[in-house]
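So, here's a batch of structures to check.
In what follows, chain A forms one complex with chain B and a second complex with chain C.
Coming up: the complex of A and B.
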């Protein structure tokens, strides 16, 4: 099943959000305009808007209001990607040159700042103070997650807790906030809001773990960027943490990371092969499945409707996605 | 007269804002915490909070509410400075090492992101949707101003309008917004709000022009960074635009800028001397004075009180400031 099929009934609403995104990033400044549009046109799953819309279906579905929240969250996600590419020195994303590659780090930093500010502008239409608090809290945690990722780079001896805390901040919170904010602006009852928040959190954790697995198992073509990029950048993800339990792999990676200059795409290939042929991928997949299971369980607290079915199908898709 | 003397009666309130800033930037993350504190402790005039407080004095002065606006605006200013230092590759600010110098560009980018997010968190306490709109609009314009500055770097043939538009976005709007937001949260009447906005705008323009003059006329010790930094970075400011009217200076600078690699501190010294000994500084000062005059005029529409006196005194100070 294709992801888009799981929420086919939202097609019209999502296309309105796509239009809103395009209007929103328009800048009366050539470079910002081009850079933002390039980012937007590179596509993406628009998962955060999907979660906002689906969560809102459990309350009063007012598209005008929801549209602002949905596009705001997608913009925050986009802005964080632009800054992310500066940090990871990435030249490709989704098979297209990144802003920092097509222009430079400075333009990428300012494009990110600009899109952040545009996200906030979209959000000013929302009156609930609690929604604003959740949004700013999410942005704060997102940044802390990013800096923790820098701090933990090339650190072979970090624990699982570090990793889980980092992906919670970096990925899961923005997804759980998408669900929660969708619920809040639709005035769902308290119980539904909590269930949706939890679903989003567990989905976000599972999603990021699968992402970290795919970085090893998917092809460069599928990824739209070089395979093994995370490890080349020194990012120790869950499959690596499991693989490091093997003292030989531990020693080999420690040696390689002892001099960052030698961490090239070629030098890392043998280690990547070893990680793939170990049981690390399988173990990481099990952790992802555990979170996915919790996501399903969270859904049980919600009334049955089309949106709930979609949320279940998205979970099925994420659990089995190949890209 | 010292600047702080012009608003001595705000001393207690400003010290509460200083405390709020310190609490606000606290991060449960070592690097962000150190970088943010370093930035905060480097000091600064805290002009934006001063303007917020003074503008609020024309309405219902509720310090709890105003404090959030004041610290939020100072945080946005601080965040923009950190990103600014990345763009200008500055190692010193206010005589202290910048975040990008003490850590690196990546940490500086994320520290800026973090402080932006913290600024928003402070602002969530404010309920007026109009205040949120003004804030996000200001942030958008600020970013456009920054990218315009990059675009216009080393461009010898730019016009005065370019420069004025750029400093409006880069500096004046944040100051006019400080005044306006102070007025809005204090529920001043419409006429006062407009007058305060205008005062802030004209003051901001004048302030930035003086800043651009001081980059040539003040000593390295006074500036806390190398003199002539703007021109070394390729930033064409108002004194330079006037100096470029001399065909000899125009030719010399065009030659120098034809190869950015040759734009060193030493190579630029003779041009700086020529700019200083031309009448460019004087002409730029006159433009600043014109804005200052408009700032005074805007104040005439406000009722007489201690705050108005302070705003006048700040204008006097800015007009004659040596640093």
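Coming up: the complex of A and C.
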């Protein structure tokens, strides 16, 4: 089943959000306009808007209001991606040239700042103080997650807790906030809001772990970037942490990371093969499944409706991504 | 003299407040403290004098300014003087400062000011993109464009506190202070983003000497413009010759006490 099929009933609303996104990134300045549109047209699953819409279905579904939240969150996600590409010096995202590759770093920086400002301009249409407190907190945590990632780069000796905390900040919080903000703007009851927040958090954790697994197991074509990019960039993810329990892999990676200049795609290939043939992928998948299970349990607290079914199906889809 | 002392205290107060707000251990360990444009603190403080939320408004406007200035440091080629890690953290530092401004205003439920500053960022990024990728026939046209970038946030705040009439004077005053600052940097052989931008975009300015001569000439012109505006109500508050950088720098170096500085 394709992901979009799991929330097919939102197709019309998502299409309106897509239109709103296109209108909101419009800039009078030509380069800025082209760069913003390039970023928008690069696609993406629009998962955050989907979560906002689905969460809102548990309360008063006012699309005009919800549209602002959904598109603001996607804009914040986009702004962070365009800056991430400068940080990682990435030329490709989803198989397409990044803004920094097509133009340059400066254009990417200004485009990110512009889109971030657009997100806040839109989000301030929501006059609910708690929503702003949640979003601003999430944005700070998101940046701290990225800072922590840089701090932990090429550090072979780090623990699972570090990793989980990092992916919570980097990925899970924006997804849980999408669910929570959807609930808040639709005035759902507290119990539902809490359940939706938890669902988003567990889903986000599971999603990121699977992404980290796919970095080893998927092809370059499927990833839209070279396989093993995370490890080449010095990022120690969950499969690597498990693989490092093997003293030989630990020794080999420690040696390689002792001099960053020698960390090339060719040099890392033998280590990637060893990680794949170890039981690290399987162990990481088990952790992802555990989070997924928690996500299902959170859904049990919600009333039965079409949105709940979709949230379950999204969890199924995430959990069954081919690894 | 009294006003100078008052300004120094205000600057010190806000510098501390800004430093405290953006405190992040890892960023502090790896990046230089961001440059705080002290003339903007003074201008903002004077503009927002009668607002109860003065402190928050000055602080958050300065945080946005610092965030944008921080991102200006990201060049197209990683600067050889800085490590890759410093460049990466510089990107995140700008994002972090933006997050902090939003969080402070969200905690105070000041949605209108969040929107106002977001409008400002939006307009500044559009104007910057135009300026950075333009070719200017001469420095005057460049300075006209840059004045709008330099004063945009403060102009927004001036409108917010119903002090629109202050904008023409404050914009010129800030540009005057900006050029003074840049000339000091040139004299001390310190390269800045602004100098590089002029060399890359204005036709006919190639080296340090030409840049220095051009900026000196532009400063004289701005001096004349400000003298013509000497009847403007803001010319008494933000005096043309108010040399805050000099006093502030000497104080930081510990070369003199506040009182000594004032007596010179």
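FYI, the second predicted complex is superposed on the first by the 322 of 323 C-alpha atoms of A that agree within 3 Å, B and C clash if a C-alpha of one lies under 4 Å from a C-alpha of the other, contacts with A are read in each partner's own complex, and residues count from 1 in each chain.
As a convention for this text, a contact is a pair of C-beta atoms (placed from the backbone, for glycine too) under 8 Å apart; a residue touches a chain by one contact, two chains touch by 3 or more.
Computed from a predicted model, the values in this text were never measured in an experiment.
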| Superposition on chain A - do chain B and chain C clash or fit | clash
| message | Is A:133 touching anything from chain B or chain C once the two structures are fitted on A? First, second, both or neither. | response | both
| query | So, does A:63 touch the first partner chain B, the second partner chain C, both, or neither? | reply | neither
| request: Return first, second, both or neither, reflecting whether A:106 touches chain B, chain C, both chains, or no partner chain. | output: both
| said: Is A:118 touching anything from chain B or chain C once the two structures are fitted on A? First, second, both or neither. | reply: both
| message | Between chain B and chain C, whom does A:37 touch in the aligned arrangement: first, second, both, or neither? | response | neither
| field | Touching partner for A:92 - first (chain B), second (chain C), both, neither | value | neither
| request: Scan A:143 for contacts with chain B and chain C and give back first, second, both or neither. | output: both
| note | In chain A, both chain B and chain C touch residues 27-29, 31-32, 83, 86-87, 105-107, 109-110, 112-114, 116-118, 120-121, 124, 127, 129, 132-133, 135-137, 139-140, 142-144, 146-148, 150-151
| task | Could you please specify the touching residues of chain A with respect to chain C in the complex? | result | 27-29, 31-32, 80, 83, 86-87, 104-107, 109-114, 116-118, 120-121, 124, 127, 129, 132-133, 135-137, 139-140, 142-144, 146-148, 150-151
| remark: The residues of chain C that touch chain A in their complex are 24, 26-27, 67-68, 71-72, 74-76, 85, 88-89, 91-92, 94-96, 98-100, 102-103, 105-107, 109, 111-112, 114-115, 118-119, 121-122, 125-130, 132-133
| task | Please name which positions on chain B make contact with chain A in the complex. | result | 27-32, 83, 86-87, 105-107, 109-110, 112-114, 116-118, 120-121, 123-125, 127, 129, 132-133, 135-137, 139-140, 142-144, 146-148, 150-151
